[in-house]
Amino acid sequence: MDHQTLSTVLQVSGAISRQQAFPFLTAIILVPVFAASLILAIPRDARRLIRGVALVASVAVLGISAAVIDLFRTGDGGYQMVSNHMWAPGLGISWSIGVDGISLFLVALTSLLFPLVLFGAYARQNTKSFSVWILLLEAGCLGSFLSLDLLMFFLFFEATLVPIYFLMVSWGHEGRNRAAMKFLVYTFVGSAFLLVGAIALAFMHQSQTGLLTFDIRSLVHTHVSGTEGVLLMLAFTFAFAVKAPIWPFHTWSPDTYAEAPASASIILGGVMAKLGTYGIVRFDLELFPHATILLAPLFLTLGVIGIIYGGIVAAQQRDLKRLVAFSSLSHMGFIVLGAFALTGESVSGAVVEMLNHGLYTAALFLLIAMIYSRRRTFEIARLRGLQGAAPVMAGIFTLVMLASIGVPGLNGFVGEFLILAGTFAAHRWWAVVAVLGVVISAVYMLWAYQQIFHASQPMTDPKEPLRDLTTRERLVLVPLVVLIVALGVYPKPVLDRIEPAVNQLIMHVHQVEATNALNANALSPLEGR
Amino acid sequence: MMSGLVASATLPDSITFAIAAVIVVLGALGVVLYRNPVHSALMLVMTLFGIAVLFVEQDAQFLAAVQVIVYTGAVVVLFLFVIMLLGVDRKEAVFADTFKGQRLFAGVVGLCVLVEIIVLGSRNWTTGAPSVAGAMKNQGANVNVIGKSLFTTYLLPFEVTSALLVVAVIAAVVLSRRHEERPTEFEDEQRTTELMP
Amino acid sequence: MIHAAFLIPLFPLVGFLILAPFGRRIGNPIAGWIATLMVLASFVVTVLVFAGVAGEPVASRLHVENWFTWLNSGQLSIGVGIQVDPLSLTMAMFITGISTLIHCYSVGYMKLDEQFSKFFVYLNLFVFSMLMLVLGENLVITFLGWEGVGVCSYFLIAFWFTRPSAASAGKKAMIYNRVGDGGFLLALFLLIDKLHSLTFTTIFSHLSQLSPTDLTAVSLLLFVGAVGKSAQLPLFPWLADAMEGPTPVSALIHAATMVTAGVYLMCRVNPILHLVPNAGHLIAWIGVATAFIAATIGCAQTDIKKVLAYSTVSQLGYMFLAVGCGAYDAAIFLMLTHAFYKALLFLASGSVIHAMDDEQDIKNMGALRRAMPLTSATFFIGWLSIAGIPPFSGFWAKGDVLSNAWVVSPALWAVGAVTAILTAYYMGRQYLLVFLGEPRWKKAGAGSLHPHDASWQMSMPLVVLAVLASFGGLINLPFGPHLTFLESWLAPVVGSGLLHNTDSTLQLWMFGVADAVFAIGGATIALSLWRNVVNRPALEPQFLFMAWFLDASIDRFIARPSSALALFSARVVDRQVIDGAVNGVAGLFKVSAGRLRRLQTGYVRTYALVIISGLVIMVAYFMIRSGL
Amino acid sequence: MTVNVSWYLTLAAVLFTIGAVGMLVRRNILVMFMCIELMLNAANLTFVSFSRELNDVGGQVAVFFVLIVAAAEVVVGLAIIVSIYRRHVGATADDQHLLKG
Amino acid sequence: MLASAFVLPVIDYTAILPELILLGGMLVLLGLVAVIPKDFATTTYAGLTMSIGTASLVSSLVLWHDVTKGGPFQAVAQIVNVDGFSVFLMVLVSSILIVAPMLAAGYLENEDIQGAEYYILALISGAGAMLMGASNDLILIFLALEVLSIPLYVIAGLNFRRATSGEAAMKYFLLGSFSSAIFVYGIALTYGATGTTNIGSISGFLARNVISSPGTLYAGVALMVVGFAFKIAAVPFHMWSPDVYEGAPEGAVGFMAAIAKVGGFAALFRVFIGALPTLASVWSPVVWILAVLSLVVGAVIALSQRNLKRMLAYSSINHAGFILLGLVALSSRGVASSLYYLFSYSFVVLGSFAVIAVIARDNGGGSEIDSVRNLGRCSPLLGTVFAIFLLAQAGAPFTTGFLAKFYVVSAAIDAHSYAIAVLAMLSAAVAVVFYLRVVLVMFSGSESPEAIGSAVGQPVVTSRWVWSGLSICVMATLVFGVWPSPLIDFARAASLIFH
């Protein structure tokens, strides 16, 4: 063979060996947990120490995930850096984690946002428990993205609820308790179905192979009949639809986003929403290809409704955070659209959009928090003319806003473009309607921007003049802004890593469908007789 | 399949059964209907006697004896003793009910129970296998048979009853021990009605 | 030399990247001069590249430079790069050129503004985007620039954001543009679906794979985008409001360059249009209709800039008329000349406004000729030029368009001719009201007003543009192929689509005379009607003043209903129906909890009763099972 | 006419029902308790009848145990009743409903 | 003819050693009470009880070893089963008897309920619970049931200072003996229908011959179901439990709840799967209904409770529903899951009520939900512990609570009863509301934003005993939640008999 292939082979093998060198992924999950338990040991008065530990831990996680991205073998669609350990053999649960193109950047996103939260959206009082909850939440989110075992995923998926709940009720705004309860119960109802579905699937697999396991790599091969598949798929998707949220299961999100503290809203909008969409891509598509194709029109429609509905309702919100909540309902609609359009472009678009949405939503929530710290309100009507006093803030807000509108050259465009292009190819008319969302997003975002930043100077009381972004605030925003621009200008590296996994997934889906069709054809004459 | 065994049932048996049955039922009704607990207790005695008779009628002499001794001799006496001790031998307004519907419901439900059990059983009460734990007939005195089976098959239960009796003793001690009253705020509702003799 | 092409967009970008962070510190006026220099530099480079390309044989004047792959997914692979060919170069050259002038003008115009540096940040960003738009080697880059210029125009219209009207105008412009962009995007998706590529060269070489329907769809969808960007029917109301921006912006973005992007796009995809003549007719008709309507509206406006705005719309209509008729070179020709005289008119009116300190109502002006001779003179040239008085540039360009229209259908030509008369008329009206008559501004308050010509930064561009406006026609004289420089220069690009009006010299002269007559006729009507007369309500009906109530009806029939719908979904559907269902379930549980709770009466006998009842039911079940 | 086991069992059922109904209708704790004794006796009668019918000793032994249990229950029950009456003389079952909901 | 001289059956003492230890220990305590002066530290008795419990734990583990070696066997004239199932229950009961005294000691001291009575009674009813799991004869089950319950009646009435305590005892006693009367009548009918009370013989009899008219048998089964359902507080036979839990002395409620459930379920499984497997098709719908009702009613009524003890009572009705899922599944997996659930439930409920006891003591016996307001602030540790128990009951991941729910639900799904599985999980979702409401009150200080105020003033201090007890419960809840394999394997081994 020629030199190039030889070199690539060597390089790949080298990468593998380096990947095996150290259990990166396990470390990613466990570092925050250890840090949390360490903090528990620290007296609550040592705020600086506590905060230091938390920051160091989260930055360490960021470092590890950077290493993971570096070691990640581009062009390999399968799971990498996999590590398997039996956890509860009696129940068929195993600690098996790994990363592939679909989860890679979600992990990266998570490990990027948490340090920012700890740095930028820190709780003033009760520092200790705040740090502990944040770190546990980080572990939970990372765990759910990394686990290859359906039940591990569920465990982490559920485990994230406890910290977020405490974050909300301890540091949230007025209506926090009701909102938190609503969020929690709603999600819990969803996951009730998910759990039942998961177990049912595992037993189907057991009855076919005699092996009880929740490892999706094995479950993929389960043969699921049409009706079963549809039911299971609906059970799964309900949980994810609530989490994402997908219309019409979204009504918890405005309340929750509005009442949650900045930290929680950033994580909710930036990371936890992706748990839902990630679940759809990872589990629905992979485990129930037939049902997915069967039900695609339904979910495409829901996605499109979400896009339009989220947009027009957002245009009527009076509360800035609610507006963002509905805008992300709209963006989740795009992701769903891409996921169920089942073309290479659309699905990779969906995955990219998850990353991008995480970035600009986090930035938006950070900015909103900064506005709040100055004006003590989220009410759009009571915010006027900030641009005059805080041009830098206005500038960054504009940039982030444009990203979320989907202006080319910024990251928001890449995802939407791919999703719509892919969807157009497969399901033309849904895409045509969805394009309306492009217009609507401009409407509500520009409206909000005009209300908040434009118009004449507000009367600032001389005691507390409105100040522009502080250095710390700028430092928090810089990484996000840089990424927003960079991923808009040059998304190729990201896509190259996502692409193979997605293609493999799509191929799997269509293969299974094809075999089903084949069986059906094979059977039909028999039925005829 | 068991009918062969009862073929020997004769007229006197029937008469005895009839009388005893009447006694039992009347006694039971008395227990329920008499407004004065003392009378109820006496009616209970009547029922128990009737049952003892029926035991004898069914060749359970030992049990009949125990029935009379334990129930009439111990249980009912205990009842009467408590009634007298606590001086609650006054009439209860049986027909004034705390809340309406209860008695009607009770009647209906009771009837249902009776009907259901009888309907279920009547087709063929006894479907079991004979003499599993040991035959009765022609095994000598009733007492011997029971005693033997008590100390072989049912040895452990027999021992366990001892625990039961210990519990009874302790319970009596614990509950009826007099305590120096140290009322807590949790008796507000009660205070008014507290009239210790 | 051609390989230096990448420098063309680079310079403005550099300018932007320097000024965005440091502009405030660099300050006024240095920041302005830096920006101007950057644009000037890219103009120079353009000229050099132009020379380079011109030096090559006609066949090989197309150069595509790929910089890097933007993304590749599935079969789709999109690169970032530029395409240097006669068309893009022509565009680039006049964009950079005009921009240079207007930058220079702005240094003077924005002197006193506290956001001075930010203005130039936006301008440079705009120039960069515009250049990417015209130079892009595939439709995504074009779209990138397309959106970029849209965003910049949003920034610049809303530049004086403390004015609510300005802020709203910016928002309005952006949203109207987004509507067009929707069409643009769909066109892209359709092409991706069919050809898996958006590179112009690839598309044009694979057109055979597209069914007629697809071709029609693509061209119409792209036209929708063009309609939004170039303010054609029915999406032109935003352009009038866009006049809220500083005047240089109006000159550069809303007259010379950005609004012509639509025309450029149409010319760029002429191979597609060439295959679908019906689409061409639609475009032509929409164009001419826009031209006429806008012209009528222009007759009734009183705001000096609004008049120019509507005249811009009208001229753009002419360009689309040309495009629809397949006369792409005519469209480009008109675009260039229009850029000259419209920029000139805007800048002139800008210095008028400056002089009148921000008075814009032409009814309050008059007799400024004496006060500001240079401005007056240049404005006069602009008027003659746009009116199509020979031998000014407008005459040649408009003549070219109209003659092509005649070839397609005399009806188009007729409407165009009427519009030509109107154009001459309303521009004359404006000139008369502003520069002649008696000085109404004297009594219109503001006694301490001493209008005078502006500083050299502002006057120099006026002069340059006046010259261009006068002699711009030279680049494409219809006297024989050896004089039609532009046509032959563009031939490699648009030649395929070009229908050669094979009219004889006689016809040519007849057309020329006709145009001249229309122009002079319009002008004389204006002279006769508006000399020393300020108000003629009969000629300024509300219907025209309100722009055929188009804006109002869009607001009435689209904006308000949709916001009502939004309100309904927010208040009723979301809160009451969807969320109501969720809360309803919760409430149901609460209620039933209370009910069930009451069963727990605390009476032993109740409990016993429940036990027995349970027993009864269970035994009943067993009865059924035992077959009784 | 002949007496067969079903008569005894029917009688037992009647006795059981009377006991149960008594439990439901009476308010005096002691009497309610007596009704429970009635029910136990019904059980006993059933046991004995069956044991005769089946010619099996198990039933009679069972009765023996039931008797013991009954005795033990009586002791405990009366102790509880005493402790209640000490607090509230002549309390009926219905008076005791602090705990509800 | 004279009765032939009979020989006593061989008594394998090791087979019943745990029970014997408990009863013997009970007698020792009794003796001590007799000889030792009255004002003797109740904690000493607690210590003794713990050691007795430990001893029985050891002996049951030895027994476990024997069983795994020699396989299951029957002892003392075939009247007790010694198999994984019974041994698992022995272990469970012994461990309950180790923890319960610690948790009670502090409380009893505080209420100055002196003497050893509580411990004696606890030991006896523990023995009863063990026998219920082990016995192979309905008669013995009936006796064991009484041995289990009668001490509980007394314990309920132990706090003589409180009217509610007496009322609780009265209700528990009346209804308890009422239900056991029904139960014994059921046994009688079953006896008539099958000719025996021996579980093995019954199943054998039913396996061998088909009963043409099964009326008597069905009636018997129905009546027995009532008896068991009452003990495990399954709807609609649950109504005693909230009142009793509320009235009974806090320190003891945990023990009562745990031991009654353990005993009740042990016997239920023993009888229905051991004796009546052939009738499964007949009685499983009944169990299904009971499970559904318990799941729904328990969860829903708990929503409206303001009193912590009542709330937990209803929640444990909900738990009963979950445990019944194992029986619905009718598989060895089902039994194993129920056993696992019982185990996790016992420790969680012990812990929860112990915490409530502490709180109630600190504000004069009140256990309204407001009494824990700001507990998280005033004594974070106690608050956290309570939160752990509540979250475990809610089924939070990485606690035994989650795995238990997961296990039973998976058993149900394995048996293709999806409906009830979904229903169970939904009821868990409803349950989350009231568990978290308490957590909310503890940590955010208020359930509703307007009502801000602190009920628990000073940090709560509790005795070493209670702390150690609580720590054991927390350990059991978390350790087996994160590392469940040993317990799960034990439970699976315990259910092998039902293959």
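Brief remarks on what is shown
The first chain written gets the first letter, and so on, giving A, B, C, D and E; residue counts start at 1 in each chain.
Keep this in mind: a contact is a pair of C-beta atoms (placed from the backbone, for glycine too) under 8 Å apart; a residue touches a chain by one contact, two chains touch by 3 or more.
These numbers were taken from a predicted model, which means no experiment stands behind them.
Contact with chain B and chain E alike is made by C, D.
The chains that touch chain A as well as chain B are C, E. Traced through touching neighbours, the fewest hops from chain D to chain E number 1. Counting C-beta pairs in contact, the chain pair with the highest total is B-D.
Compared with chain D, the chain whose C-alpha mean position is the greatest distance off is C. Taking each chain's centre as the mean of its CA atoms, C is the chain most distant from chain E. Put simply, the chain nearest the middle, going by average C-alpha positions, is A.
A separation of 101 Å divides the Cα centre of chain B from that of chain C. A separation of 37 Å divides the Cα centre of chain A from that of chain C. Centres computed as Cα averages put chain C at a distance of 78 Å from chain E.
Separating the centre of chain B from that of chain D, both taken as means of CA atoms, is a distance of 4 Å. Of all residues in chain D, those that touch two or more other chains are 9, 16, 19-20, 23-25, 27, 32-33, 44, 49-51, 53-54, 56, 58, 61, 65, 69, 72, 76, 79-81, 83, 87-88, 93-94, 96-101.
Residue positions 98, 102, 105-106, 109-110, 113, 116-117, 119-123, 125-126, 128-133, 139, 145, 153-154, 157, 161, 164, 167-168, 171, 174-175, 189-190 of chain B are each in touch with at least two other chains.
Residue positions of chain C touching 2 or more other chains: 597, 600-606, 608-609, 612-613, 615, 619, 622-623, 626, 628. The set of touching chain pairs reads A-C, A-E, B-C, B-D, B-E, C-D, C-E, D-E, using the touch definition from the header. Against chain D, in their complex, chain E makes its touches with residues 139, 142-143, 146, 150, 153-154, 157, 160, 163-164, 166-171, 173-174, 177-178, 180-182, 184-185, 187-189, 191-192, 195-197, 242-244, 246-247, 305, 310. Chain C contributes residues 601, 603, 605-606, 609, 612-613, 615-616, 619-620, 622-623, 626, 628 to its touches with chain B in the complex. In the complex of the two chains, the chain B residues touching chain E come out as 116-117, 119-133, 138-141, 144-145, 147-148, 151-157, 160-161, 163-164, 166-168, 170-171, 173-175, 179, 182-187, 189-190. Every residue of chain D that touches chain E in the complex is listed here, in rising order: 9, 16, 19-20, 23, 29, 32-33, 36, 39-40, 42-44, 46-47, 49-51, 53-54, 56, 58-59, 61-62, 65-66, 69, 72-73, 76-77, 79-81, 83-84, 87-88, 93, 96-101.
Residues of chain A that touch chain C in their complex: 182, 185-186, 248, 250-252, 309, 312-313, 315-317, 343-345, 348-349, 385, 387-388, 391, 402, 407-409, 414, 417-418, 420-422, 424-425, 428, 431-432, 435-436, 438-439, 442-443, 446-447, 450, 453-457, 490-492, 495-496, 499, 503.
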